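There's a structure below that I have some questions on.
Naming follows writing order (A, B, C and D), and every chain is counted from residue 1.
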Amino acid sequence: MTHLSFRGIFPPLPTSFDRDENLMPEKIRQNITQLSEYDLSGFLILGSNGEQVMLSESEKIEAIAAAREAIPPGKLLLAGTGCQSTRETIALTKAAAAEGADAVLVINPFYYKGSMNHEELVRHYYDVADASPVPVLVYNMPGNTGIDMTAAAIIDMASHPNIAGLKESGGNVVKMGEVLRNVKPEFRVLAGGAGFLLPALAMGASGGVLASANIAPQHCIDIYKAFTTGEADRARYLQQRIIPLNAAVTSKWGVPALKVAMDHVGLWGGHVRRPLLPCGDRLKQQVVDLLSDSELEIYNQPGE
Amino acid sequence: MTHLSFRGIFPPLPTSFDRDENLMPEKIRQNITQLSEYDLSGFLILGSNGEQVMLSESEKIEAIAAAREAIPPGKLLLAGTGCQSTRETIALTKAAAAEGADAVLVINPFYYKGSMNHEELVRHYYDVADASPVPVLVYNMPGNTGIDMTAAAIIDMASHPNIAGLKESGGNVVKMGEVLRNVKPEFRVLAGGAGFLLPALAMGASGGVLASANIAPQHCIDIYKAFTTGEADRARYLQQRIIPLNAAVTSKWGVPALKVAMDHVGLWGGHVRRPLLPCGDRLKQQVVDLLSDSELEIYNQPGE
Amino acid sequence: MTHLSFRGIFPPLPTSFDRDENLMPEKIRQNITQLSEYDLSGFLILGSNGEQVMLSESEKIEAIAAAREAIPPGKLLLAGTGCQSTRETIALTKAAAAEGADAVLVINPFYYKGSMNHEELVRHYYDVADASPVPVLVYNMPGNTGIDMTAAAIIDMASHPNIAGLKESGGNVVKMGEVLRNVKPEFRVLAGGAGFLLPALAMGASGGVLASANIAPQHCIDIYKAFTTGEADRARYLQQRIIPLNAAVTSKWGVPALKVAMDHVGLWGGHVRRPLLPCGDRLKQQVVDLLSDSELEIYNQPGE
Amino acid sequence: MTHLSFRGIFPPLPTSFDRDENLMPEKIRQNITQLSEYDLSGFLILGSNGEQVMLSESEKIEAIAAAREAIPPGKLLLAGTGCQSTRETIALTKAAAAEGADAVLVINPFYYKGSMNHEELVRHYYDVADASPVPVLVYNMPGNTGIDMTAAAIIDMASHPNIAGLKESGGNVVKMGEVLRNVKPEFRVLAGGAGFLLPALAMGASGGVLASANIAPQHCIDIYKAFTTGEADRARYLQQRIIPLNAAVTSKWGVPALKVAMDHVGLWGGHVRRPLLPCGDRLKQQVVDLLSDSELEIYNQPGE
């Protein structure tokens, strides 16, 4: 599995719906095609930005299949396959692999918070990794799950040969360092938010899965490149500039704002699925205002 | 809808699995039959104790159908039908009603915590209540969802004619009072935990959906009756005694401990579905020790 | 010590300041004299509402002395003497007793949250109780301290002969029951907020130390009396009605709102000490509106 | 004020007590003298590690005076002067300046959490900065205070000409970037924990006030230097190595462990003040084991 390079920048693509909240696989393909003009390392389908928890099982498969068709050679397809039960996670993982996912990103089960102790969590990831035909990336997302997996748990998970890395969305850079100091050298940590991409890279992360990469792909790539080439000042400058836009489309206003931003830059954002509600006019304007910051390098439609 | 009486004690039945984690509808029926010898007001199927989030859609329907067969006349079947998307919640609600559920208990969507503001939550419940053929009970369970719905949100929900009540599992008795002072008189609040049943009743609640009612049904019923007949000292005594057992099978050790307790008293607890893990021997013994407290009135097998 | 009766209703008196934030002992006396016309069991000086943490040591003594002068026979003087160090807590406790405090209310040290484990907390209370000439009441106030002492810790503290009770301000009625089931019979639990007075009484509490008792003393006393005489409906009705006012002067707007309310009903609220800021006009009006609820029995100036 | 250079590494010195918990100013001086052999930028007296909240006002002055005597020219004396009231904070700030403090570090008031909104916090810092003869550094320490001041609040504070910087101990590197992008160029951000020193520097911080700098000063300095000279790999290596020791003497075991470590390396740790309790033997050994990690460069007693 270690031939896969979990390095660089991956957008976690939103899932496209029409006004009746039905899946639009063609828009998933279109977004991927447009974004593939950038030097992105691949795409995450069915992450938190992909409204995975709102899709039926067949919709999940359909979305993965659509992505596979559109992703060009040399870029990876990561699929979010974590469910509340181990058995359902394994079933979806196998199905995703069968559709061509290069790796799966598995969020921890989180409903039974009081019971999700070290042992339950490690056992779950081991069971999934045993059954998975493709490498497994652990996905820690405390803002949505209410569980912040410890460094100790992740270090234990990393000892499984089929567990290849971690997407850490909690922004805890200390934990990233603690993990990296204790795991196999090929284990990869990916920042789960553009707001802390550069600090994560400084601590040893290999890249990021970043909502902002859907709308400002080059800006994210430039942070990564400036870091790897030792341009500390430029990296810091770019990093500080991405923070407000990133906050807007993640912790502050979430997926509805991300879709507004994608619509605005010439990609396909479209509708959200309820209980999420579309942004009102005032909020839309705030998102658009953030995008017009001349110091941000946002997605640029071909021909514009 | 107001002919339904959401008063008294309801056990939230665990879902029965065999050692391979497969559904055992016959054990659901058997537990209901055994527990129906008590003066319970009905049963909740597919609550948090029912591992609802771990069941496939077809399993959910099968569990509800099994319960319907076994529940005797005069007792209500409440079905937990809340999912992460409004559309899926509506679909399951309709299916549950078609299987004979008398009412549905709808937990709030919770994955997109940052977006689940007042408006999204109220709109979600309105959409579900509009579509539901049976009364809807709002289910607040912050320990599992990480969201504690406000009194203001619940008061707004209560203005819908098809929203009949609230199961409050957070133990916030102040909120119960604030809700009850502001809603239609027929709106019912049910305590979601035996640890605070009596305080909730004092504040105006009508009963409880109590994990402990699966293993100590008479004890829970006696608290309710002692309160309604004005026996304050006896109510307080019984209330204080149920606290350790209730904590053990809920916040402390959860569903695995509840199943151990059911096995021990002569009901069918059986296996849990992973990532939940069965209790180890030491923990099992602690649960059994709690059950042997002579001051607790636990389930008593017929013929014993 | 057990001759002291920690039963009934105690107002936690705010500390009076002039516009330059200087202590006004005469206003402390005046408020006590006016409120003593009600059937209150005593007064707490230097609680959270008393801005204790903002007073110098000499001001603390002066405030206690002023209260002692004004409190009529038959009513208790409780003094808040908890500080961050054990030694300072002991010194203030002795000084309070020397000024005539009947008992001290000791909030737990809370700055070193990560170190305030079971052992540190129990040892602290034991050391204070060993040194105190008067009974010690444990004070749990998680909203301000960020620490919610466990039932287990409080039960251990209660085994000290000079630790006489608990003021529980977190509203956790389950904890109250767990404590009461495990401590000496003369140990008293006092509700720390009027929002949950009745549920606490149902669980076994003996009364309350209630910010609302500064402005609606008779209303609080009536809840207590209705409970003790078995008038469950009247108790519930009164309990539900006090909730909004109580929230306004505690969790919602705090001490500044409490002082506005006292000014409005004819007591002496006066100024707050910075960083607290006085209520603006709009907020003042909201407080006044709450006080004009005809179903609330607020403080009634003699001769009005 | 901007002639002061808030750059580089500052140890937040513990306050020295004898076995009866009495202040030992001579040990404060001795520790400073020994640590001054390293290229540290100065010392913080009366920070969280200095048990400031446990000292009487006269002890605080005495500790600052002792430090001033011992700190050699070219190194700064920062004094922690934040108290719960604005007036007490101002008084202590003036006293600290009179004793020779070069700047004061002011933790936010935190007891009235519910009232410490944007306006109260900004006003407090403005009032203190107006009155302070020396520059003020804002101190955010959510782990102890339970309040995490927002970027927006800190940005507003930074507009005051006498507010010179921020010590951020929450580890939120995104907030550091958001602050730095919006404040005057001479505003300095200092990392409040060695666990995230390098990520903070990458984001634009100027140095750190680090508990670990009391026991591993050269290691901390080396991280700072490796960053400033562009040695990313070495910086990352050193950063990852300091994490366990730093966690041990801060979030995990706190001041008692820090004092054990100082004793072990040849400085003067000594006793803690209750309610803090000394480390037991087993914990002491764990601290010592961490110090013996050969990859850590710990304090090295002269002549050893």
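Please note the rule applied: a residue touches a chain if its C-beta (ideal position, glycine included) is under 8 Å from a C-beta of that chain, and two chains touch if they have at least 3 such contacts.
Just so you know, these numbers come straight off a predicted model, no measurement behind them.
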item: Shortest walk length in steps over touching chains, subunit B through to subunit C; value: 1
item: Subunit D and subunit A - chains in contact with each; value: none
item: Chain at maximum distance from subunit D, centres defined as averaged CA atoms; value: B
item: Computed distance of Cα centres, subunit C from subunit A, in Å; value: 50
item: Inter-chain centre distance, subunit A versus subunit B - centres from mean C-alpha coordinates, in Å; value: 35
item: Subunit A-facing residues of subunit B, complex; value: 21, 48, 53-54, 56, 84-88, 109, 111-116, 119-121, 123-124, 127, 143-146, 251-256, 273-277
item: Subunit D-touching residues of subunit A, taken from the complex the two chains share; value: 171-174, 177-178, 180-181, 193, 195-196, 198-204, 227, 230, 232, 235-236, 239-241, 243-244, 247
